[in-house]
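In the two complexes below, chain A is the common chain; its partner is chain B in one and chain C in the other.
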Partner chain A sequence: MGYTLNFNLIWRHFDKLSGGLLLSLELALISIAIGIAIGLVLAVWYVSAGRIVRGVIAAYVEFIRNVPLILLVYLVFYGLPTVIDIAYSAQTSFVATLALYSGAYLVEVFRSGLEAVPRGQIDAGKAIGLTPWQRLLHVRLPTMMRITLPALSNTFISLFKDTSVASVISVPELTYGAQWINFNTFRIVEVYLVVTAMYLVTGYALLFALRLVERWYRTAR
Partner chain B sequence: MLSQIAYALPFLAEGFALTLWVSLLVVVLSLFAGVILGVGLVYGPAPLRWAVRIFSDTIRGIPILVLIFFVYYGLPAVGVHLQSFWAAVLALTLFKTAQVVEYLRGAVASIPKGQSEAAMAIGLTFRQRLAYVIFPQAFRRFLPPWINGVTDAVKGSALVSLLGITDLMQAINQVIGRTYEAMPLYILGALLYFAVNYALSYASRRLEQRFAFIRE
Partner chain C sequence: MATSSNDSPALLDIAEVSKSFGSVEVLRSVSLKVAKGEVVTVIGPSGSGKTTLLRCVNFLESYDSGSIRIDGKEVGFRDGGARQRRSERDLAGMRAETGMVFQGFNLFPHLTAAGNIMLGLTKVRGKSKGEARSIAEHWLGRVGLAHKADSLPAELSGGQQQRVGIARAVAMEPKILLLDEITSALDPELVGEVLAVVKSLAEDGMTMVMVTHEMAFARDASSRIVFMADGGVSAVGPPKEVLAAETTNERLRTFLARFRASQF
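== the complex of A and B ==
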């Protein structure tokens, strides 16, 4: 025992943590934006595709979901550049990985959402003479969005937490900032207490905000 | 290139075995801890319920990586010295326990209230109600998500490589450090993790189908 808490050094280096938190949020936000695009395209394609395309999409989804994120991060950052002629920063590489990662989870979310759109709505769309594109854009996607919004918020929050893995390729996000302070000041317990609080407050604030958005979206129509 | 990888295979196999061993320990320990805390959350007195709720929401609200570093670097600072292996198992168990608590709470909450009222009406004690009425039914709802969640323990265990523990992830990185064959080894590693986790999620889907008849 005999450990006395002393937060002075944490506050002196707090820019590492505050900057890290902003970068974590930025990484999560860019990744989910790309992930949503991947998920939407593949989900819409999946529900109307033949067996082969379905097999390929399912293989992508199952592969990503069953492999640890840290391995995917290493694979994209250290592995890919050895076989294809490509160069990118750690940050770009991580965003690409997390986007592919979230895309796989979101394909599943959107696919089940699309399948949950009531048959009657699609028939009604046909009855008033909408083309398949119009039905997708004005009938199926809006209904699907409302169904999948809670799952989408959950995915975003878990992505925010997953950005901590970026620290293994030295992207200076929040966990990296914590490690830096840990190794340079040895105020170990303090730094992880502060970082835990920062993840918790941000995560639950996001959750609260997203739940409000969901409520508004549900009652708006 | 292939011969180099073949040469490293026994080393990788050891790492793989360690990954499985860590996962197994975590899964078993968290099952016990999670079920006990979960029963506390559902049936316990208010202070216990609050404590478990705070524990679960805190653990689930932070990244596993932060939890692992906190336990690994934090415990020695306050005078608790664990081998890195056990620090890793402890951190992953905490993470997994919070999940098990939520599975158990969900499973018990899904059993209609009439069931325990009927059990009370025929004079069963609290323990009898749990053992003969609630748990046998809740078990069916608990099992599929729990098995599916085992994949989280296996995937999470890859993070212990950062503590210098030679699990599959660390073994792969070390072999790459010697052979510079990054891509084949990462793919081999991915396939090994995939094989374990896919088998688990397949089992969970099958169980869910089998137990589906209880669904309304």
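== the complex of A and C ==
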């Protein structure tokens, strides 16, 4: 094994990685924000809707869950603009895809959370005279949040890792930065070691921060 | 016997209410009038329809026929001939006129003791936060929990949670308070503190309908006792009459015998 590790070239191009990491975080953050909105609206709609609406929402969820993310990325970025007259940047296209992707998972997370709100709490809300909308806002959603926060954290961490898929449509996030350095320096082992460490440390830091948020939320008053 | 509440008009008027779950008839033409200031206790074996009856009064459950009126106003259905369910908004307004305390406490876990009480006051009664807070503190004081205003339900004992549950219901100034087996989920040593609160509310003249298995309490605190069996009212009257050992009502006698054997 005559290979000696040399990180000098990696550090010289480190801006590609640091900038890439920031973009990865940004993509994950925007996607999950939109995904949460999609998930919440559809989950609330689902639990109160009739068969047809439920069927449509379930079809969306199943479609997304059973198609690989990378295919969805290709479909939205290359496929859609050739069928309909629409133009968007790779980054916008990816955020839209990841938002739809996370939204599908979050519908399930929020739906099960809503259904897990104890019947007695809803009764108590009715008994003090809250309208259905007030019960949703002040009783069901806060309780659902406590139930689903851990799952939400996990989804966010997954989503952060999934941003690496954006490299296939040349969005300059972390994995794309790694590929760039690889092609230009051929330090393949070094660059992927560094990038792995960056994903690992960032993911772990996110998880730690989110656990703190969960604990704070459980005891907030 | 059925109309022992004198000439004052009934605050709560349950008239021939029937209800089935599928093929099971849980309420069979139940009629009961409750006057203002009365404390009416409903007893009976499990499955006799007590809780269902209570839940019909604030329309947490609907019923198939008959009517339930509070202050002359039909609770769940629109006034006038056709039996048409009220809108959810109307129902919310009607329900705000009754208070309910649950067997399982059912406090909102994300809100403090004071927050639980304030929610209805601010959202339903339209009071300001400050006003609601002082009302909440007043009632928490009444149930002996002034020092727990900022505690979350998870930090309170069962007895304390239930006292918050009572405070949450009465703070809304309901016309009637419904108590659904409110001590059944409590450890025996915590039952007393909850019943003491109920007793003090009764002394204040609060109209109450309660379902309970605490026979001694029912005997001491009630104006009338209703014995339900098989979804119907089997006996009604003052505690002394209904709980008399020499009753000729077979079902009642069997029911009471079981309690005497274990309790008093």
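Note that the second predicted complex is superposed on the first by the 220 of 221 C-alpha atoms of A that agree within 3 Å, B and C clash if a C-alpha of one lies under 4 Å from a C-alpha of the other, contacts with A are read in each partner's own complex, and residues count from 1 in each chain.
In this section, a contact is a pair of C-beta atoms (placed from the backbone, for glycine too) under 8 Å apart; a residue touches a chain by one contact, two chains touch by 3 or more.
Given the structure is predicted, the values throughout are model-derived calculations rather than measurements.
Visitor: For the three-chain model obtained by superposing on chain A, do chain B and chain C clash or fit?
Guide: Chain B/chain C on chain A - fit side by side.
Visitor: So, A:T131: does it touch chain B (first), chain C (second), both, or neither?
Guide: In the superposition, A:T131 touches chain C alone.
Visitor: Scan A:S167 for contacts with chain B and chain C and give back first, second, both or neither.
Guide: Touch partner of A:S167: chain B, not chain C.
Visitor: Between chain B and chain C, whom does A:I34 touch in the aligned arrangement: first, second, both, or neither?
Guide: neither
Visitor: Now for A:R146: first (chain B), second (chain C), both, or neither, which partner does it touch?
Guide: second
Visitor: With the two complexes superposed on chain A, say which partner A:L80 touches: chain B (first), chain C (second), both, or neither.
Guide: So A:L80 only meets chain B here.
Visitor: Have a look at where A:L210 lands relative to chain B and chain C in the superposition and call it first, second, both or neither.
Guide: Once the two structures are laid over each other on A, A:L210 reaches no partner at all.
Visitor: Nearest CA pair across chain B and chain C in the overlay: distance in Å?
Guide: Nearest C-alpha atoms of the two chains are 22 Å apart.
Visitor: Both chain B and chain C touch chain A; at which residues?
Guide: No residue of chain A touches both chain B and chain C.
Visitor: Quick check on the complex: what are the chain C residues that touch chain A?
Guide: 58, 60, 88-89, 91-93, 95-100, 102, 104-112, 115, 119-120, 123-124, 150, 152, 168-169, 172
Visitor: Quick one: in the complex, what on chain A touches chain B?
Guide: Result: residues 1-3, 62-63, 65-72, 74-75, 78-80, 82-83, 161-165, 167-168, 175, 178-179, 182, 186, 188-189, 192, 195-196, 199-200, 203-204 of chain A touch chain B.
Visitor: Taking the touch rule as given, give the residues of chain A at its contact with chain C in the complex, in rising order.
Guide: That would be residues 118, 120-121, 123-132, 134, 138-139, 142-143, 145-146, 219-221 of chain A.
Visitor: If we count contacts the way the header does, which residues on chain B are in touch with chain A in the complex?
Guide: Going through chain B, the ones touching chain A are 58, 61-66, 69-70, 73-74, 77-79, 151, 154-159, 161-162, 169, 172-173, 176, 180, 182-183, 186-187, 189-190, 193-194, 197-198, 201.
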